[in-house]
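Two complexes are shown next, each including chain A; its partner changes from chain B in the first to chain C in the second.
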Partner chain A sequence: MIQLSATHILYLVEAARWTVLLSLIAFAGGALVGLPLALMRVSRSKLLRGLASVYIQIVQGTPLLIVLFLSYFGLGILGYKLDPLVAAGISFTIYAAAFLGEIWRGCIEAVPKTQWEASDCLGLNPVQQYAYVILPQAVRIATPPTVGFMVQIVKNTSLASVIGFVELARAGQIVNNSTFEPFAIFAVVGAIYFAICYPLSVVGRYLERKANAGR
Partner chain B sequence: MPEGEAVVRVRDVIKEFGPLRVLDGVGFEVTRGQTVAIVGRSGSGKSTLLRCVAGLETIQGGSIEVCGHPVGRPGSAARAQLRRDVGMVFQSYNLFPHLTVERNITLALTLVKKQSRDDARKRAAEVLGLVGLTDKLGAYPEQLSGGQQQRVAIARSLALQPQVMLFDEVTSALDPELTAEVLGVMEDLARRGMTMITVTHEMGFARRVADLVVFMHKGKVWEIGPTAELFANPRTAEFRQFVGSEL
Partner chain C sequence: MSYKFDFEFLAERWPDFVAGAWLTIQLTVASIALGFLVGTVCALARVYGGPVLRRIVGVYVEAIRNTPLLIQIFIVYFGLSSLGLKLSAEVSAIVALTVNMGAYTTEIMRAGIQSIQRTQLEAADCLGLTRLQTILHVVLLPAMERVYPALSSQFVLLMLASSITSQISAEELTATANLVQSDTYRSFEVYVIVAVVYLALSALYRFALWAIGLVLFERRRKLGTPL
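And then the complex of A and B:
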């Protein structure tokens, strides 16, 4: 049996970079698709509302694991053999967009209706109302739940190991297979996850305070 | 538009919320420079009437014209014209909480009136002077008292130079002292010749400032007439009772 060494720890830290990268992709992709989804959900058009709602219902009702299987093995059978990182990136984007879309819809709707009325009476058109009055207030409301969801994403990236993506959790397993010191190894893995997630919460709290500073 | 001509024409307006008829054939006219007080009990339809004039509610029947233009649908040219002609002040102030007092006022000036940031700032200082709050330019709404917030809301509306100002129970959320400072600003406006329609519970203000009083009851204009005359000789039992209970 091999002893747990600094090399192993280094290996874990390097794998953690993939965890961070996948988290960033998930968040960026999720935000890029999630914001239009949120706006569709609060739009006046029944069709847009319906489409966004169907998407969100389906994705929220499907385990992330299944989305991963579909985009890696499913597309593979169809001849689109994707790199595990690409497949995982797509899956996490699909997943994060549905949840962020729904979180942000709630935040947009939480801005009082009277803010719409007041800005309407001043002559602002709907785009101006969104850009200058509604969204800035929605962002303030959205900060805590968005940060909370990002922390969830970081932890959920461990699921990507099932399609052969070697991120932090998978790397922990690999090290464990050779050293068989699960308690030590997974404690280190847990500590690294914490080291990624804790700063997120701190930044979240800072943003929240900053947003409220002017009030 | 010459003095004496109707600036606001409301004719046979019907407004329904589902099966509930809130306005049942309401009509009245406001001439330039007039101050009109709409009074009545809660649920009489007076706020709804004002919101219809502001284009915030769609009506099911009748017509509303402001400065010769129909109120129109959202997004129409008529609605854009209405927004230029009418200023609205709400009971809950509805300032934008994430913006300073100055930016609350300059926002529409720069976005809608396409003024330069500098011109808009000058205008903001000017209208804040009218409501006595020049020193609050950089403050956020939350740092102001209710009365101050309401005066900023009035200034924000005034900055756009509307032809008609609508006031929807603007002092109902304020204690008596703050009510007085807001009413003072409104009296001042009336003296300067602003055409105003105010929905109000302040009978003292209505008696002192309004040229015309509209008494609403059960979704109808129950009584209408010059203020002194109407209060001296209530024609209906409902208005007599209302005046008696308010004093």
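And then the complex of A and C:
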């Protein structure tokens, strides 16, 4: 039997880089799609509001795992065979966009109505209102919950292991297949996830305290 | 696109999906109930307990909330069995989901308990309520009412997250989908169906939680307003 060794740990740490990369892709994709979604949710048009709301309801009511299976196995059988990284990137984007869209909608709505009225009086058009008045303030409100949500993203990238993408969780399974010490290995894997997520949690909480202290 | 959608397998396999959904409901209702219990006790310990107890609960909450559920499930199922504690896939799933739910409930309930003002406790004292009565009627129920929306969405999220237990071959809805799609090669159709079933389950859970809220919180029932 092969003993759990420093090489294995090193292998896990290297795999953790893919976890970080996947998280960044998920966050970037989620932000790119999530911001328009948030703006649609607060738009004046009923149609846009409805569309965004339906999207968010559907994604928040389905497990991420099923979205992953659909985009990897489902699209594969339809003839669009995607690379695991691409399938995971698409799935995480779909997932993160729904949650970020909803978080950011709340933050945009949290900007006092008087700010809208004041910028209206100054003759700013809607684009200018968003760019110079509303969004800069919304960003400040949005930072703590967004950092908090990044923890969820990092943890959920572990699901990419089920479509064969070798990130941290999958690497743990691979090492386990050769050493058969699941308790030790998954404890190490858990510890690496913790090392990535805990600082984010602490920063999120710190930012939240700071934001609340101002009020 | 030359692909033809074919849902014919449903005629034969629908009982499998029903059985899978039923196991999902059983697993999640059990772990929501147990996890809520664990979390409430931990939240009380976190607010009213001594420094050591507070610290232990803090470590538990941080450890669970900063690691993926998938890894927690692997540790319970593969890890514990390698240490000699063999649990079935279903029991492992309930244990892992309960531990996970407990940590999130602790944080949510803690916020609720801390929102109960000191004067409420003093008033309860003056009325001669026992410690247990105070905790149940003056602290926990009002605390729960305040954080009920957050609790509800956490419960629904847990139901969705239970799909991850398919990875240790607990035969719930997602595992059923994996099985049927490997028999029929209709993965797209199978996962679309299962996604719809999960959507329906989320709606069902939300409705049930709303109804439970009405029964539990008299004030909400009579005034019809959220707190």
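Keep in mind that, in the parts below, the second predicted complex is superposed on the first by the 199 of 215 C-alpha atoms of A that agree within 3 Å, B and C clash if a C-alpha of one lies under 4 Å from a C-alpha of the other, contacts with A are read in each partner's own complex, and residues count from 1 in each chain.
Assume a contact is a pair of C-beta atoms (placed from the backbone, for glycine too) under 8 Å apart; a residue touches a chain by one contact, two chains touch by 3 or more.
Computed from a prediction, not measured in an experiment: that's the story for all the values here.
Student: Please tell me, clash or fit, for chain B and chain C sharing chain A in the overlay.
Tutor: Chain B/chain C on chain A - fit side by side.
Student: On the superposed three-chain arrangement, identify whether chain B or chain C touches more chain A residues.
Tutor: C
Student: According to the stated criteria, A:Ile25 is in contact with first (chain B), second (chain C), both, or neither; which is it?
Tutor: neither
Student: Mind working out whether A:Arg140 is in touch with chain B, chain C, both or neither, as first, second, both or neither?
Tutor: In the superposition, A:Arg140 touches chain B alone.
Student: Could you tell me if A:Glu117 is touching chain B, chain C, both of them or neither one (first, second, both, neither)?
Tutor: first
Student: Between the centres of chain B and chain C, viewed from chain A's Cα centre, what angle do you get? Round it to the nearest 10 degrees, please.
Tutor: About 100 degrees, rounded to the nearest 10.
Student: Minimum Cα separation, chain B versus chain C, post-superposition (Å)?
Tutor: For chain B and chain C in the superposition, the minimum C-alpha gap reads 22 Å.
Student: Could you list which residues of chain A make contact with chain B in one structure and with chain C in the other?
Tutor: In the superposed arrangement, which is not itself an observed complex, chain A uses no residue for both chain B and chain C.
Student: Quick check: in the complex, which residue numbers of chain C touch chain A?
Tutor: It comes out as residues 1-3, 62-63, 65-72, 74-75, 78-83, 156, 160-161, 163-164, 166-167, 174, 177-178, 181, 185-188, 191-192, 194-195, 198-199, 202-203.
Student: Note which residues of chain B are touching chain A in the complex, please.
Tutor: Residues in contact with chain A: 54, 56, 74-75, 80, 83-84, 86-88, 90, 92, 94-98, 100, 107-108, 111-112, 140, 142, 156-157, 160.
Student: Given the complex with chain C, which residues does chain A contribute to the contact?
Tutor: On the chain A side, the touching residues are 58, 60-67, 69-70, 73-79, 151, 155-156, 158-159, 161-162, 169, 172-173, 176, 180-183, 186-187, 189-190, 193-194, 197-198, 201.
Student: Name, in rising order, each residue of chain A that touches chain B in their complex.
Tutor: Those residues of chain A that touch chain B are 112, 114-115, 117-125, 128, 132-133, 136-137, 140, 214-215.
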